[in-house]
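Below you'll find the structure, written out as C-alpha cells, and then a few comments.
When the chains are written out, they are named A, B and C in that same order, and each has its own residue count from 1.
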Amino acid sequence: MKVTLEHLTKIFPGRGRKSREQVVAVSDLTFEIPDGKLIGLLGPSGCGKSTALNLLCGLLKPTDGRIFFGEQDVTSLSPEKREVGMVFQNYALYPHLTVLQNILFPLQNLKGDKKLTKSEMQKKALDAAKLVQIENLLDRKPGELSGGQQQRVAIARALVKTPRILLMDEPLSNLDARLRLQTREEIRRIQKETKITTVFVTHDQEEAMSISDSIVVMKDGVVQQIGRPQEVYDDPCNLFVARFLGNPPVNLFRGSVRNEKLYIGEEPVMDMKGAEDQDVSVGIRPEGFILKEQGVLTCSLSGVEVMGRDVSVVASHACCLEQTIRAIVGSDTKIDLSNPVIRFDLKPEKVLVFNAQTEARLRVKDAASV
Amino acid sequence: MEHKNIKAWLYLLPALLFLGVFMVYPLIDVFIYSFEESYNFASQTYTGTGSYNYSYVLRDPYFLQALKNTFLLVVITVPVSTGLALLISVGLSSIKPLRQLYQTVFFLPYVTNTLAVGLVFMILFKRTPYTDGFVNLMLSWFGAGPIDFIDGSYAAKMFVMCLYTIWIVMPFKILILTSALASVNQTYYNAARVDGTPAIRVFFRITLPMISPTLVYLVITGFIGAFKAYSDEVALFGTDLNAAGMNTIVGYVYDMLYGNSGGYPSYASAAAILLFAIVLTITCINLLVSRKHVHYIS
Amino acid sequence: MEKEKNFKLKPLTYVFLTLWALIVLFPFYWMVLTSVKGYGAYNSEYIPKLYTLSPTLQNYADAFTAVPLARYFVNTVFFTVATTLIMLAVTILAAYAFARLDFRGKNLVFVLFLSLMMIPNELVIITNYVTVTNLDLRNTFTGLILPSVTSVFYIYLLKENFEQVPDQLYYAAKVDGTSDLKYLFKVMIPICKPTIVTITILKAIECWNSYVWPRLVTDDENYFLVSNGIQSIRENGFGRENIPAMMAAVVVISLPLILLFLVFRHMIMAGVSRGGTKG
C-alpha cells in the first residue's frame, strides 16, 4: 500500500494559563512512501516525528493537509477504519491477558463481514506468533517476558489483522544494546517477509540508517531531507542533517570561500569553482581525512585511539567548532606520536560546505583537492 | 548500644502505653468478659464461666433482628454503592470541563457530620401530622405514596437506611476509583483504538481488569464498614434502635453496654466477638474469591 | 490524544453526573433552607416549599439560646484540638523510633503493631468503657480524649514516609553532632510535612464527627460534643417540634468542616485517597 502525505500540518493550541502560544508540531509534511518499503522517521526529540506517526494512525487529526493510503483519502477516518497496525514505544501489551489473548485481541474486534470464526482467529494468531518466533510463549503473561520477547508480541499483535500499514514508535528504545541489534534485523526480516509498508520513528540515526529503505530527517516539525540512508549521509542538504547523521559525528570547522577556494584558517584546502566569497561552515566526515606529510590541513595531534579495525586520530585545530577533531584512518597507518603537528589531505566527496548563516549546503561541481 | 536501646524505647513509650491500656488489654479483656457468666456491673462479680453469654446473644430476638438488618444493609449497599461509584467515576474521567467542580461536590458528604446530615434525611423522608415531607411530595408527582419512611413499614425504613448509607460512602469510593482510572496508562487506550475496540469492550477487557485490585479493596473495606454501621441509623431513627426495629450489630453491642437496656458488658462482649468473627470470615472469603479473578500488576 | 467526539454519550454523562450532584447537594440546600424558614411558616407548609420569601435568622438565635449549642461547640473544638495534638506527638515519636532508630526487638514490635491495625474499635470499646467508668473519668475531658489518641494506621503511614528520607541526611547530621530529637524536628518533620498535615486533617475530621465514644462516656450536657448535642436536641430538646431551629443547629455544626474542606480541598482529597477510610 502506497502512502501519500500532502501538506500535512498539526498545530496544538497553547495550554496553560501563562503561555497561550500554539505549538506547530508538524508543518507542511509532504512525501510519498512507496508500497512495501520501510521508512524511518528520524529526528531529535520534539521534532514532530511521533506526531507525524500519530497522524498516520489516526490518533491525532491534522490541522491541515491530507493523507492517502493508496488512492483512498483517509484523513478523516478514525484509527480503527484505517486498518493500521501499531507498535507502541512501551509495547502497550495488556498485562492481564496472556500472549495469545493479546494477539487475539484485535481480531476479536472485527465486525460485519470481516468477522472471523474462533478457529480462523486461532490460526491467524498462531501464524503471527510463528512469524515473530514466539509460538512457545503463548500462555505466558507479558510480565513474564523479556523486553525483546515483549517487543515480538507487540509486533505480532500489530500484524495479526494484516494491516495495510505498520507503524512503529521507537520500537527499539527500551531494549539493551545487544538486543537492539538483533531486533532490528528481526524487524527488517519480518517486514521483508510480509511486504507491509512500514513507518517507524526513531531518534537513533544508526538504527534508522541500518534498516530503512528510506529515511525522512525532521527538525522542528519540518522535513529536512528524504532519501536512501547512504544518499542522505553522503549528500546532506544542510548542516543539521550533516551533523545529525554519522557516528562519530562530522567534524566542523569555521572557514571561508575566497576566490573560488575554500579556506580553513589561512590554509586553502579545496577548490570551490563558481562559489561566491562568503563565510562558511565546513564539515569533514571522519573518514574523509588522508594522512599525508605535505597535507593541506595542519592540526595539532592529541592522541590516537586504536579500536581494532580502525584507528582514530584525535587532533585539534584553532578553527574547529568542537574541542577535538576525530579522523578515522586504516589500522595499518603508522603515526609518529612524538611529532605535535599532523597534516591531512582531504577526500573532496567527504568535505561538506555550508553557508555560515543559512546553513544550506554549497554544492560545487568540480570540487577537487588542491 | 544499651543507651541507644533505651532511647528508642522512650520514643515508643507513649504509643505503647496508650495502645497497651486502650487496645491490647481491652482486646484480651473482651474475650474474658464474653465467657464470664452473669457478670454484675456494679459489684464486678460473676458466678461462673462458660459460653452462656454467646447462647444468650444468639437467642436474643433483638440480636437476630440486628443481624438481619446488618446483613441486608451490607448485601444491598456494598454492590450498589460500588457499582454506582464506578459509573460516576467513569463518567468523571471522560469529561474535561467542570470535572474539578463535580469532584469537589461529590466529595462533600465525606466531610459532613453524619449525625447532623442524617437529621436532614430524616426530615426529608419523615411523615408528620403537619406535613408528608419532601420525598412524599415528589412521590405524589408520580401519583404514589404517601409512605412513612421513618416510622412506617420495615421495607420503607430499610430503604432510607440503605439510601443514606450509600450517600455517605460514595465520596470515598468515587475518589479512590477516579484516581485508579487516572492511573491506567493512556497507551493501552490508544492501542485499543488503533485496533478498533468498541467502548464497551475496552471497558470490560481493559479498564475493569486494570482497576480490579482497587475494586476488590473497595468491596472489602465496604463490607467491613457496612458491618459496623451504627451512627447513620441513630441519625435516622433515634437512639432507641431496638424500638424502631432498625438496630445493627454494633448498635446492639452499645445498647447492651449502655442506655436503657445497658449494663451487660458480658453480652456486649459476646456480640462484639461474634461481629468480629463474621467480618473476619467474610473478608477471608472475599480475598479468596478475588485472588482467582483479580489481576495484580507485579 | 484527541478523543473522538461522542455526541450521544457526552451530554448523557453530564446529565448523569449533574443528577448525582443534585442528590449530594440537595440535603445541604434543604438544611440551609429550612434553617431560615420561620417556625410558623414551616409548620404551616403541609406541602413543603422549595424556597422561602421571608428568610429569618431567628432559628439560629433560638438554637444558641434554647440549648447550650455554643458549649457543645467549644467542647468539640477543645476535644478536637487536644486529641489531634496528643495524637501527633505520640505518632511522630513512635514513627520516628520505627523508621530511624535501631533497637533490639524492633521488627517484632512492629509486626505486633501492624496486627493491631486489624482490630476493630468495637471490640475494645467495651473494656475501655468499663475502664473509664472505674477510673471515675466519665464526664471528663480526660476520659473523652485519652482512648482516642492512638492510631496504629497513622503511625504506619508516617513511618513509611519517614523511611523515604535518605539515610545520608541522618549520617550528615550525626557527623555535625545533631541530636536525634533535633534531627527529628529540624529535618524529618519539615520534609514529611505533607503527610503530617494529612493525618492532622483526617484526625480532626474524625474527632469532629465522633459520636459513639462520647455518647458512652458522657451524660452530662456540659461535656457533650456536637454529635451528642444534636442527638440530644432531637430527642429531648426542641428538635421534636422546632425543626427549623434544629436545622439551624445542624448548619452550625456542619459548617466548620465544610469550610475546612473548601480551603484545603486538594490536600484533604489527596490525603483521603492515600490513607483515609470511611464507612
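Everything below uses one rule, namely that a contact is a pair of C-beta atoms (placed from the backbone, for glycine too) under 8 Å apart; a residue touches a chain by one contact, two chains touch by 3 or more.
All figures in this text were calculated on a predicted structure; none of them were measured in a lab.
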* Which chain lies the greatest distance away from subunit B when centres are computed from Cα atoms alone? -> A
* Structure fact -> By C-beta contact count, A-B versus B-C, the higher one is B-C
* **CA centroid of subunit A to CA centroid of subunit B, Å** => 58
* **Inter-chain centre distance, subunit B versus subunit C - centres from mean C-alpha coordinates, in Å** => 17
* To do: Please list all residues of subunit B that touch 2 or more other chains.
  => 190
* To do: At least two other chains touched by the same residue of subunit C: list those residues.
  => 1
* Touching two or more other chains - residues of subunit A -> 59, 78
* **Parts of subunit C lying in touch with subunit B, wherever the complex brings them together** => 1, 3, 9-10, 13-14, 16-17, 20-21, 23-25, 27-28, 30-31, 34, 43, 45-48, 89-91, 93-94, 96-98, 101-104, 106, 109, 113, 116, 119-120, 122-131, 146-147, 149-150, 152, 155, 180, 205, 208-209, 211-212, 215-216, 226-227, 230-231, 234-235, 239, 243, 246-247, 249-250, 253-254, 257-258, 260-262, 265, 268-269, 272-273, 276-279
* Asked: Can you list the residues on subunit A that touch subunit B in the complex?
  -> 57-59, 78-81, 84-86, 88-90, 92, 94-97, 105-106, 108-110, 143, 161
* Asked: Where on subunit B is subunit A touching in the complex?
  -> 185, 187-188, 190-198, 201, 205-206, 209-210, 212, 295, 297-298
* Structure fact -> Listed in rising order, the residues of subunit B that touch subunit C in the complex are 4-5, 7-9, 11-12, 14-16, 18-19, 21-27, 29-30, 33, 41, 84, 87-88, 91-92, 94-95, 98, 102-117, 119-121, 123-124, 130-134, 137, 165, 167-172, 175-176, 179, 186, 189-190, 221-222, 224-226, 228, 230-231, 234-235, 238-239, 250, 253-254, 257-258, 265, 268-269, 272-273, 275-276, 279
